[in-house]
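Take a look at the structures below.
Next, two complexes with chain A in common: one pairs it with chain B, the other with chain C.
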Partner chain A sequence: MFHYTFHWNQALKALPQMLDGALVTLQIALLSMAIGLAVAIALTLFRLSGSRILGALATAWIEVARNTPALFQIYMAHFGLGNFGIHLSPFTSLLVGIAFNNAGYLAENFRGALKAIPDTQARAGRSLGMTSLQAFRLIVMPQMLRVAFLPVTNQMVWAILMTSLGVTVGMNTDLAGITQELNARSFRTFEFFAIAAVIYYVIAKAVTLAARAFASRMFRY
Partner chain B sequence: MIEIENVRKSFGQLEVLKGINLTVKKGEVVTVIGGSGSGKSTLLTCINGLEPIASGKVMIDGTDVHAKSTDLNKLRQKVGIVFQQWNAFPHLTVLENVMLAPRKVLGMSKQKAEEIAVKQLTHVGLGEKLSVYPNRMSGGQQQRMAIARALAMSPEYMLFDEVTSALDPMLVGEVLDTLRMLASEGMTMICVTHEMKFAREVSDRVAFFHQGVMAEIAAPEQLFDAPEHAETKKFLAATH
Partner chain C sequence: MRISVLAFGLMAATALTGQAHADKLDDIIASGTLRCAVVLDFPPMGARDENNNPIGFDVDYCNDLAKALGVTAEIVETPFPERIPALMSGRVDVGVASTSDTLERAKTVGMTVPYFAFEMAVTANDKSGIKSFEDMKGKVVGATAGTFEAIALEKSVKEWGVGEFRPYQTQADVFLALSQGQIDATVSTSTVAQSNVKSGKFAGISVVGKAPYDIDYVALFTNREEYGLINYLNLFINQQVRTGRYAELYEKWVGGEVPSLTVNGVYR
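Let's look at the complex of A and B:
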């Protein structure tokens, strides 16, 4: 039916190299999530601030991040900014692109989560003499993060998978980049990408499980 | 001293406070009664500046609450408020609920804040519940916790906004007992309430609100036994 001989040995020999790449993948995903979360919280505050300019800025960011392809966002960071003389390395432009995307989705998750928290919570904080920022940080935000925890975990998985788009901007040290290079040298596409897929799966699953364990420790109420 | 002078307040077209005048002296307990929508709860939120007013003046110890230059966060440390919905912070234990503002607003050390929180919680009968999360407690317990939380800021004035209205009838007593205790300790209090027996018992004066107007204010015996205003009579007849 088909004449293909599997060469798993060759692929497995490259496993240590691929695992090194997986670490880079995880690194980009974690960094992009950390940046994305910080920016998303800022965007959420912009929306709550009542300032028209800040609100519009937040809305624009969220709209673009959520309604354009992630690939374009990474392209823009790499080639788009390059047109203006801002040259980012493949690593940085991949990080910037994914963080941009994460921030948009996370901010939208936070908006939904905020609806679940009654205004009276912040009001109770204000009535105890807190500033509005204190009331947000100490009372509203912890509850918001809890409500948004599952979507945030999803976004983390999504961030891991999005890192594979780095190959399009010349990223060659992460799991997808290394796999692509191995493939280009050997044409053992199926074997290499099958192993890479398993590694992606394991990372994504591990992150989900770790997040769940974290949640059950953190959210005791 | 809380001085309320000709305070007016509207929500859109609806004028909910139509020129309220009231002075509450240190150590005095004033209860406010009246039907729903009479403006009594709104008045409380105007006193500590949670709601702006359209005109008039609220002075607390000589500070104009609604003046632009007033630091409301500072002022609110002096004026505690407890709401109908107790607004427990669900992500914090009972002890942490009470410690939060003393630590973050007053900048107290953890040790000092904990000491005060334990004292206040014991005071309201929750000394055994320190490490419990609010959702494990009854409404009455949560409401007492909210009272302890306000008291931990050592306020000079306390505002109570229908603090028993959302409670199971079985739990009203324990919260009212806490208020009675505070009143007997000399706390200056303004209580909006539907509990007539309680109002009669603890108040120095009782004010009756009707459609945004303070129709009548008098000592409890006077107001309950010999009301002058026709609307007060009607209201008391309906609630007895």
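Let's look at the complex of A and C:
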């Protein structure tokens, strides 16, 4: 059924180029996680603040980020904003789209983590004379980050995989973009996509294993 | 004893498979359906009408081919990057998809003689001030990923050493980005450029001139080892020109002077 002869030697010539692409992929994923984490902490604080406007803003962000496809979010960052004359480069569009998505999911992770921490902890802090912000920063947040750590690494893996959506907004320097271009040039679709899949797998697996090693070292009771 | 049973079994198996061997041309005729990969995002070669039915030069060409074979045509919509996976996974029999016949690609699929030829045109956003191909130097330009013109344009940008090249996944996205001013200019086939500018869907863009690239000859394609089918397709293309059907279809979908499909001074 499958009439195709694999020519790995031809495809492997492009491996250095694809590994360069993998670096760009990793770079976007890391940047989007850094931005996502910062925004997610802000969103969590907004929800705890008791302010109606800030709470509504946080809820709206989280709802849209979690309930629409990442492809749509990235496409909107490029063509949606483009409609209003705001022109983001493919790199920035992709970064903005993924960071937006990350922030929504991470904020939900933090909410779940907060629920796991009994509020007696904050009260104990207050009874020692801390302000409520101090109690949050020194007692609750470290525990929240610890509980949320593994879900956060999941999001990191997800961010790496989401970067492959960049091809829809003209991204051609990341792993998916380079793979698409090599494919178009030579039509050796199966070799290039298989190599790309292996690279994605290795990166994602490395992130998971590194995170687990880090967690078992840092979070020993 | 067991060895002879095995040998007999092997012989029987070879005889059966030997006899049952039919090539793709046989398979198409036997199945009664010709499945063509057509790009429906590439007017006037392939598009959809108001009722969402596939129309265009490539669609008519596939229908003609099916008629010649005495089977019914089935148009399988295939975006540019998915033409080869569609063929290799057996979802289509033949690509009638404006595919440039590069030597690099011919290592993977079997190409026929050219059935159409494109000239390349530059379309620019009116605000960019681009009036010719040379003006594109240093600007942000784009094209449909994986096409002849995208490969040529990216090479030009690399040679210029300034500016930026962006590949988009569909022709529609290229013109959307051009109309929004995300990119300043694009190179596409002149047929596509005129068709999109005329459609009125994309404001503020115009065709500003020709691009100095080689004529883009496009071929039908199928699996590389299907010589019987490729032979048939070559003869079919020849007959389309001989009978005047090629000129007729060209007039219907494009209009103007019919491009020659032969190259001077060499056989194919």
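Simple rule for what comes next: the second predicted complex is superposed on the first by the 219 of 221 C-alpha atoms of A that agree within 3 Å, B and C clash if a C-alpha of one lies under 4 Å from a C-alpha of the other, contacts with A are read in each partner's own complex, and residues count from 1 in each chain.
Operating definition for what follows: a contact is a pair of C-beta atoms (placed from the backbone, for glycine too) under 8 Å apart; a residue touches a chain by one contact, two chains touch by 3 or more.
A quick note: this is a predicted structure, and the numbers were derived from the prediction, not measured.
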| item | value |
| --- | --- |
| Contacts of A:T168 with chain B and chain C, given as first, second, both or neither | second |
| Contacts of A:P142 with chain B and chain C, given as first, second, both or neither | first |
| Contacts of A:A184 with chain B and chain C, given as first, second, both or neither | second |
| Partner chain in contact with A:R66 - chain B first, chain C second, else both or neither | neither |
| A:K13 touches, of chain B and chain C: first, second, both or neither? | neither |
| Residue contacts with chain A in the superposition, chain B compared against chain C | C |
| Partner chain(s) touched by A:L128 [first = chain B, second = chain C, both, neither] | first |
| Partner chain in contact with A:P90 - chain B first, chain C second, else both or neither | second |
| Interface residues, chain C side, partner chain A - complex | 80-81, 84-85, 88-90, 102, 104-105, 107-109, 142, 145-147, 150-151, 165-169, 173, 176-177, 180-182, 223, 225 |
| Chain C-touching residues of chain A, taken from the complex the two chains share | 1-4, 7, 10, 78-79, 82-83, 85, 87, 90, 167-170, 172, 177, 180-181, 183-190 |
| Parts of chain A lying in touch with chain B, wherever the complex brings them together | 118, 120-121, 123-131, 134, 138-139, 142-143, 146, 219-221 |
| Footprint of chain A on chain B - complex, ascending | 48, 50, 73-74, 76-77, 80-81, 83, 85, 87, 89-91, 100-101, 104-106, 133-135, 146, 149-150, 153 |
